[in-house]
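Presented sequentially are two complexes of chain A, the first with chain B as partner and the second with chain C.
Showing the complex of A and B:
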């Protein structure tokens, strides 16, 4: 186990992340890149971008609270070191998505009220389920909730958003690329560390599976709310897009042509499929929120 | 088990060699970048020297063709994997 954990060093993180894919970036994107004028000049599109970005800030604030809280609950120094790097990753994500709100025209004085107004209540409850485990210093449940459920969701959401923005908003697509790279390490830590720990603590399985079930319920409710809220925006975006626009394919669905319900379906199916696979690999059973 | 990423003739003399070049993957330190590439999703056919990391969905590339039993390492997510055969295809299984 010592060899496996030795990869979780600050040095590895420095070489891969700040000295690697984040080198020369400015709040996660290329210097000088800006949000597209077509979006900033359209109140509907701009408000939708603000609403979406607020959910990212809320999710990343939860991830920051969870990863920093788990540092002191970790049973070994290597896990503490990794979670310290993850804490900085999550703080960076909070910062870059908050910066995006400012870039979208939210005034600094209005940040908190904007986040309160648009934060999805189900996403807040999703975070509360996780943070309850972290507050109890329950390392195994906390890491499953944070690095497998929350990060697994974020990984798929970011990939989908990246596919949507790749051809139309290079600034935001580049911001997302860096966060996706960070999420790879986070889900890897979740699976690798818990994969061995869960074998040593099989008595924890039922409680962790119940937590996953509750988090999944709130996650699916968040998706339903979000896609319902932007169904008109999706239609308007499709009506304005060029027929020659490059397809934005995500798991076989062209997001430039799909309606909001098709987008919700492909995202939910992808995230739940990933949950089942990831939990199964570490010896946990996926519990459907409908069960 | 053996590790074809370590160029040992003992294990790899009869395997096809591949010249690895940088694919633009930038999520690991420069000297390791040629060993990985981004997965393009379903329909992205993997070569004999490639296997998909099931944890972070990055394609791992070897300088030699891969075989069941080979050990590979996914540096982007720091996962140790073993190559296995499933339905006639090479897949990677996580080693915990």
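Showing the complex of A and C:
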């Protein structure tokens, strides 16, 4: 355990993150990069971007509360130190996505009300299931919920958003690149640290799998709500896009041509596939919400 | 990041600015760049006598106890921070405290300690452990005012005073580590003073409560200094540690 944790030291984090891919960035993107004028000038597109970004803030606030809460639940100091770096990563994500809301024209005084208005209730419940475990200082369940389920979801969502924005919004695509690199590290820690603990505590499997099942239910409901809400926006975006636009391919689907239901399907399939693989690696069975 | 003149900002914008991840990133880039576990990797260790080594190991072990307390307290306080920018600042503090613990543990390993965690437990100062328990009680009670005071004013002032004094006399590697750590502690004290300063303006009766906490905890701080000094046969008066600590607390406006 000690050897693998040395790869997750604060020194390694400093070298790879603040002194690595974040060096010379401004809120996670290149200095001077701005949101595209075509989006800022179109009320439908701008509102959709605000709604989407609010979900990112809600998710990252949950991740911040969970990772900081897990520091004190960790059974060893090396895990505490990794979780310290994760706490700051999540705080950075809260900060950069909150900054994006300001860049999209939300006034500072309206931040809280905007977040309350657009926060998806299913995403809020998803967070509550996780934070209940963290509040009880249940380290194993907390890390599975946080570093496998929440981070696994975030990783796939960010990758899909990155594919969508790569050709049209370099500022947001760059912001997402840094968060994807962070999430990859967090998921890696979850898989590496928890496998041995699950083996030591097989009696916890059923309870943790139930948590995963509940979180997955709320996640899929969030996806369904979100893609339903922006189906018109997707159509309008497709109608305005240039026929010569480069394909935005995500797991074999061209997001520049797919409708909202196809997007929802590819995202859900990708996340659930990742869950099955990652949970299998740590000795847990994926439970479908439909079971 | 665009150059920002802090004096041109409103109070609200000033706090958002100085409590941000961006601000932290730029601050630590200045003094951690080129270091490896907090010191210049080109430095080599000097020879220590047995008693010097014993002194240094005990001292570093107790620095680790203080940093463990700070890591647990700062991470625990995020869930009840009164504002989003306070939560972000505390997140930067969490990683600072984790880094301090890591660099001190790494230094212990460099000094030949095979199992630093076991050594920390064996050499922990009893008064410091009591202080840690009291701090974590305030955190568990989600008592922001008391927790931020004990953590970011008393504990940070204690650490800042000791680290500065020790850095002046330590070997080059330990001195380099302590100088970087003290810079972080200064930032943490600034946050505590600022947060409480605003609170004290709005609710002056808070000062009475905080002074009571100071009176309760100062004996633990001072006996930590004297217990270590007694064990190691050094005189804290000569180093001016106790008087510097008390002066720092008084300068912050709290009676000692």
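Throughout what follows, the second predicted complex is superposed on the first by the 291 of 291 C-alpha atoms of A that agree within 3 Å, B and C clash if a C-alpha of one lies under 4 Å from a C-alpha of the other, contacts with A are read in each partner's own complex, and residues count from 1 in each chain.
What we mean here is this: a residue touches a chain if its C-beta (ideal position, glycine included) is under 8 Å from a C-beta of that chain, and two chains touch if they have at least 3 such contacts.
Computed from a predicted structure; not experimentally measured.
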Chain A as common anchor, with chain B and chain C clashing or fitting: fit
Touching partner for A:282 - first (chain B), second (chain C), both, neither: first
Partner chain in contact with A:195 - chain B first, chain C second, else both or neither: first
Partner chain(s) touched by A:31 [first = chain B, second = chain C, both, neither]: second
Partner chain in contact with A:231 - chain B first, chain C second, else both or neither: neither
Chain B versus chain C as contact partner of A:241, first or second or both or neither: neither
Angle at chain A between chain B and chain C, C-alpha centres, nearest 10 degrees: 90
First, second, both or neither for A:185, with chain B first and chain C second: first
First (chain B), second (chain C), both or neither touched by A:251: first
Partner chain(s) touched by A:21 [first = chain B, second = chain C, both, neither]: first
Superposition-derived minimum Cα distance between chain C and chain B (Å): 12
Overlap of chain C and chain B interfaces on chain A (superposed complexes): 19
Chain B-touching residues of chain A, taken from the complex the two chains share: 4, 7-8, 12, 15-16, 19-21, 181, 184-185, 187-189, 191-192, 195-196, 199, 249-252, 277-278, 281-282
Residues of chain A defined as touching chain C within the complex: 9-11, 13-14, 18-19, 22-23, 26-27, 31, 64-65, 68-69, 71-72, 77, 80-81, 83-85, 87-88, 90-92, 94-95, 98, 108
Parts of chain C lying in touch with chain A, wherever the complex brings them together: 1-2, 12, 20-22, 25, 28-29, 32-33, 36-37, 68, 71-72, 75-76, 78-79, 84, 87-88, 90-92, 94-95, 97-99, 101-102, 105-106, 117
Chain B residues within the chain A interface of the complex: 26-30, 41-42, 54-56, 58, 74-80, 94, 96
